[in-house]
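Here it is, the structure in full.
First chain written, first letter: the chains are A, B, C and D, and each begins at residue 1.
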Amino acid sequence: MADRAPSASGIGRVDVDDEVRVCVVGAGRAGMVHAENFRWRVPYARLEAVVEVEAERGARAAEELGLKKAYSALEEALASVPIDGVVITTPTFTHAELAVAAARAGKHILCEKPMALTLEECDLMIQAAKDAAVILQIAFMRRFDPAFVAAKRQIDDGLIGRPQIVRSLTRGPTLPPPWACDVRTGNGMLAEVNSHDFDTIRWLGGGSYTSVFSQASTLKAPELKEEYPGFYDTAVAVLRLDNDALGMLDGICPVDYGYDARAEVVGSEGVLLIGELRETATTRVTRQDGMVERHYGSWRDRFRKAYVEEATHFVACIRGNQEPAVTGWDGRHALEAVLAANQSIRTGQPVALPLTG
Amino acid sequence: MADRAPSASGIGRVDVDDEVRVCVVGAGRAGMVHAENFRWRVPYARLEAVVEVEAERGARAAEELGLKKAYSALEEALASVPIDGVVITTPTFTHAELAVAAARAGKHILCEKPMALTLEECDLMIQAAKDAAVILQIAFMRRFDPAFVAAKRQIDDGLIGRPQIVRSLTRGPTLPPPWACDVRTGNGMLAEVNSHDFDTIRWLGGGSYTSVFSQASTLKAPELKEEYPGFYDTAVAVLRLDNDALGMLDGICPVDYGYDARAEVVGSEGVLLIGELRETATTRVTRQDGMVERHYGSWRDRFRKAYVEEATHFVACIRGNQEPAVTGWDGRHALEAVLAANQSIRTGQPVALPLTG
Amino acid sequence: MADRAPSASGIGRVDVDDEVRVCVVGAGRAGMVHAENFRWRVPYARLEAVVEVEAERGARAAEELGLKKAYSALEEALASVPIDGVVITTPTFTHAELAVAAARAGKHILCEKPMALTLEECDLMIQAAKDAAVILQIAFMRRFDPAFVAAKRQIDDGLIGRPQIVRSLTRGPTLPPPWACDVRTGNGMLAEVNSHDFDTIRWLGGGSYTSVFSQASTLKAPELKEEYPGFYDTAVAVLRLDNDALGMLDGICPVDYGYDARAEVVGSEGVLLIGELRETATTRVTRQDGMVERHYGSWRDRFRKAYVEEATHFVACIRGNQEPAVTGWDGRHALEAVLAANQSIRTGQPVALPLTG
Amino acid sequence: MADRAPSASGIGRVDVDDEVRVCVVGAGRAGMVHAENFRWRVPYARLEAVVEVEAERGARAAEELGLKKAYSALEEALASVPIDGVVITTPTFTHAELAVAAARAGKHILCEKPMALTLEECDLMIQAAKDAAVILQIAFMRRFDPAFVAAKRQIDDGLIGRPQIVRSLTRGPTLPPPWACDVRTGNGMLAEVNSHDFDTIRWLGGGSYTSVFSQASTLKAPELKEEYPGFYDTAVAVLRLDNDALGMLDGICPVDYGYDARAEVVGSEGVLLIGELRETATTRVTRQDGMVERHYGSWRDRFRKAYVEEATHFVACIRGNQEPAVTGWDGRHALEAVLAANQSIRTGQPVALPLTG
């Protein structure tokens, strides 16, 4: 099987009979989730390469994945093995450069959220993918989670009428990495953790953002505030969409109790409650402990299936069987709202969207 | 207001405008539940008297209920204050005598389960009530619980088709009293605790029992087996109805974890799950304890509303506004199945129903 | 039993052995809930009078409650029968005048929410109650709901650590009355419906409001916008407390699907989910309909027990057995936040709290 | 990679670094579940062959699985490609012959339930596997379901004390195939559907069966009773274990509402509720439909993860990383109880276990 160039017409795609060859960039937690999925659980995919700048971590990843070695740079991998799709899971500030490089090499791209640090980076990524006629999918995996998918379908079927309010939340057990906690080098928790909620509100609310107001506090890790100016660990936001639907989100990181991602859509004819904290359908009842169930401790467990479905969708798009469902524009819209929310936190004022240059 | 004799035609009833005057016999746990309800929570009812043989307990009850005194015998109460209805909550072996006395005095009767110790006693009670044209209601309060009522209505509306299997269970935190644990003087846990399940299976299953098979073990309080021959604390039973529906029940007393009463009806077009262990719609989630909810610890809490509704129904029947929903025949049928189940436990064989003299 | 004046020292109270005599003002929906509770379900209470300006409705209420007649004015009732406590359930704009009159007559007061239309009215009511040494309880009945009570106790016990975010919502099937929809004569849905949420956030969040930001839309009944300037049927708000906890609430009225009141408190060591939509623990599963449960259609059903507990608390306070748990100050704080939220909706800006004269 | 013979010592196993090569026999519904799992979702497994006697179905299966062809007989497949493990999913009456053939060829065996038609067949299979030192795993996949696994672990950890009652149920939407409905050629629903429940009771109850009593009815498909003597579609059974724990199970096939598999274990210190009907954590609430959730319609969906875990376990055992968790003896015990239950249905009497030749 020789490497395949994108077709002249539109998005270049591999033959349906062939397996899609994937390179995962980054062997951190998210990277390993993707790598293991492409290795073992995604039909018609073949994990060909893993790229990791940290040598020891790369070697360990290669061993776990049954690969001969890990590459230290994307270019090295692309030069060594035939690749159809690149999965970018490295820190946010590296996304744009990697995505543009992948696009220029004619590779399809699945990029972790948040898409990038700035709207300018987003624009570069979108343009590069367009120029190369490759897929640029942003990893909002909730769009592939069974609970969210069922909700979206019911909204589209009109079962709850017109959306009036969308609530979405994400609370997780681990702090974003230091560079993300520092608002001089990252966009904070709202970007690293709540990107999903911004996307969910727009996706399920069915409109475009027209304004955001956000408030934040530092209650769980106040000691970090000295180190990282602008650091916050608790935030809420209110969004308005151009169809007059209202959005609400909240985020806390780190939260002590586990991993929590739920949403709710109130429509003119009904309401949808999406997701839950409970992990396993086993209930123990004892006098001493009460009625006890196990809850999610990690996004890896909560969205295990969603990650596989997301990867499967990426492969199906590359093979030409599906149309990309989450594009660079979705990533850019979410980032724009995050940037505006951070501005609102700083100024104490609501911020109109879209942001004006 | 003078005492009112039953009317000549059928069941004697008090005028709709009047309050129904109630005497509760027995100031134990069940007695106090009834007494408090008739005192505070049942419209058009007035608690006039409490009867309790144990003087100190009677005095305490009277005080709690805001009554001047407690009577030591039913006849004393009936001779002292005008009464329309008598509520019998004393040990099972006293039911028949008290009920017959109340009936002969022209008083309507609400009798706790199990109805009596023997079928002969049941027959005496039914005949006495019939002769006096008074109501004889057996306290199967589950028939008034919102969850069970909703299920019954859905079955009657045909929403799950024809019942094929009815499962019912009762597990409680406290042993029946010693006389009931001793099968020489009582009918054991199946009578004192699982009477409700026998009634539920017949009520929701929509047929008459044709056979029962039961198995028992003594796993929780084996030390009682020496004291009480035939004692068991764990039992299951399988029933067949004449419409070929099958019934299953189980009981454990004492059970360590709380109070548990649930049922399930599988029909040809659907299933009904009835009741739950959870008491309060408050969920706490912490890393250490997991996802925790409060569950029922007592039948008083689980069936709080059912007891009020049951009492309200009794009053409504006396006032002529409703037809009695749970009669002496229902009590007799349940007892017959209990006796047969105990026989099955002893012999290891299924027992046909109805029992033949 | 003669009428009893308040004692010289502090709050005047009736003797513990006596029943508390209650007058309910207003025989609308909320008024009848209170009247029926004081008539049938509140120990040591006696419903003595109902006041209703609309003659026909008053007569109907009296009949349903087994009273001889209804009074057309509070003064008439107070002049006719001995009364210990007055329950005010009339439209908001009448609260202050009635409460002041009741206080001046030495009667304890249970006043429906919202407490009044303006902060000046609140101040008059608080002062009048203080001067007369009578109880002024505001009817935030959620504080007596088992789910909310359990949550509050767990927060106080430190089980979820320090509150970081409190979310609360109320959505109901019926529009507020016309005078309330018109922001020239009322304070809109946020006052009539979401007062509870403002109170919940302060109560469970454990701090005082420092700011509020609110957004509203008119999506369900846009035709009313012409009639009532400023009308909205959909609103969200973000609050900040002085302990840096953040609050979020939403409201929709009318909402098509039923009655919905839930809350959530995220603390530094855990989360509490409070309340649910499900009404009855009966689940039907059929191929065609799926897994179906009954949900709350009305606040009367959702908070049935809370209303009884609230009234029982009022009686217990009058009898000197409990300290008032929800005071005029609680009502005033909630109203202040409502007024600020309405101002935020009008201006598009956050509003600082407390409001400055 | 050459074919590998079992090692001389004990169970023969493949090298850890190698992939396990699998042949699935039978391309019916269960066969395709296994084949797809080994093809796409089981790490270190490689689906090498599918065997299907029906040519057209075999061709379709091969295409779906990306295999060049399907084989028409196990011997043909074994002669053509190197195979380490054989998965038997054909009708029950073929299990013994296929398993013995596979064992004699030195292949490890994963055999669908029920294990076989007779205890003699079970014995042959167990002996053949023992002689060949190959794994004989019976496909009681519930032992790998997260809810059942969590329950088992909690029992083993002593969290609910000593098991007193185990309840288990299976109800499914589709009739067993004709040969299984006919008790002259099969063992009916209790074998084909409720084998799992018999196994669950023994596994979670922690003892050996000492007796069974069963009752059956024909309520859903009575027309089949003429065609198939002894046919029943509704059954319940009571089991006793040698530790005096009691077991209860029920089964209905076809059941109209979906697929249902739940269990419950009551212990001396608590209770475990295992499994649920709800499939997706999305709740829709509308006035008209109530509170609606999606439930399981098929065992494929309910036990999707369990099938993958079961297959993964099979591969891990072959690779020497795990000890076989469900053996031929487990299959034989379940069959023995099924045979005794069918005898009980015929005779109306309880049947002692183990069965005596």
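Things worth noting here:
In this section, a residue touches a chain if its C-beta (ideal position, glycine included) is under 8 Å from a C-beta of that chain, and two chains touch if they have at least 3 such contacts.
Keep in mind it's a predicted model, so treat the numbers as computed, not measured.
Taking each chain's centre as the mean of its CA atoms, B is the chain most distant from subunit A.
Here A-D and A-C were compared by C-beta pairs in contact; the pair with more is A-C.
The centroid of the Cα atoms in subunit A and the matching centroid in subunit C are 42 Å apart. One inter-chain figure worth recording: subunit A and subunit B are separated by 57 Å, centre to centre, where each centre is the mean of the chain's CA atoms.
Inter-chain centre distance (subunit A to subunit D, centres taken as mean C-alpha positions): 38 Å. The set of subunit B residues touching two or more other chains comprises 160, 256-257, 269-271, 273, 277-278, 283, 285-287, 294.
The touching residues of subunit C, counted against subunit B in their complex, run 39-44, 66, 146-148, 150-151, 154, 159-160, 269-276, 278, 280-287, 294. Of all residues in subunit C, only 256-258, 277-278, 283, 285-287, 289-295, 297 touch subunit D in the complex they form. Those residues of subunit B whose C-beta lies close enough to touch subunit D in the complex are 160-162, 164-165, 167, 171, 211, 213, 215-220, 234-238, 240, 244-246, 248, 250, 252, 255-257, 260, 266, 268-271, 273, 277, 348-350.
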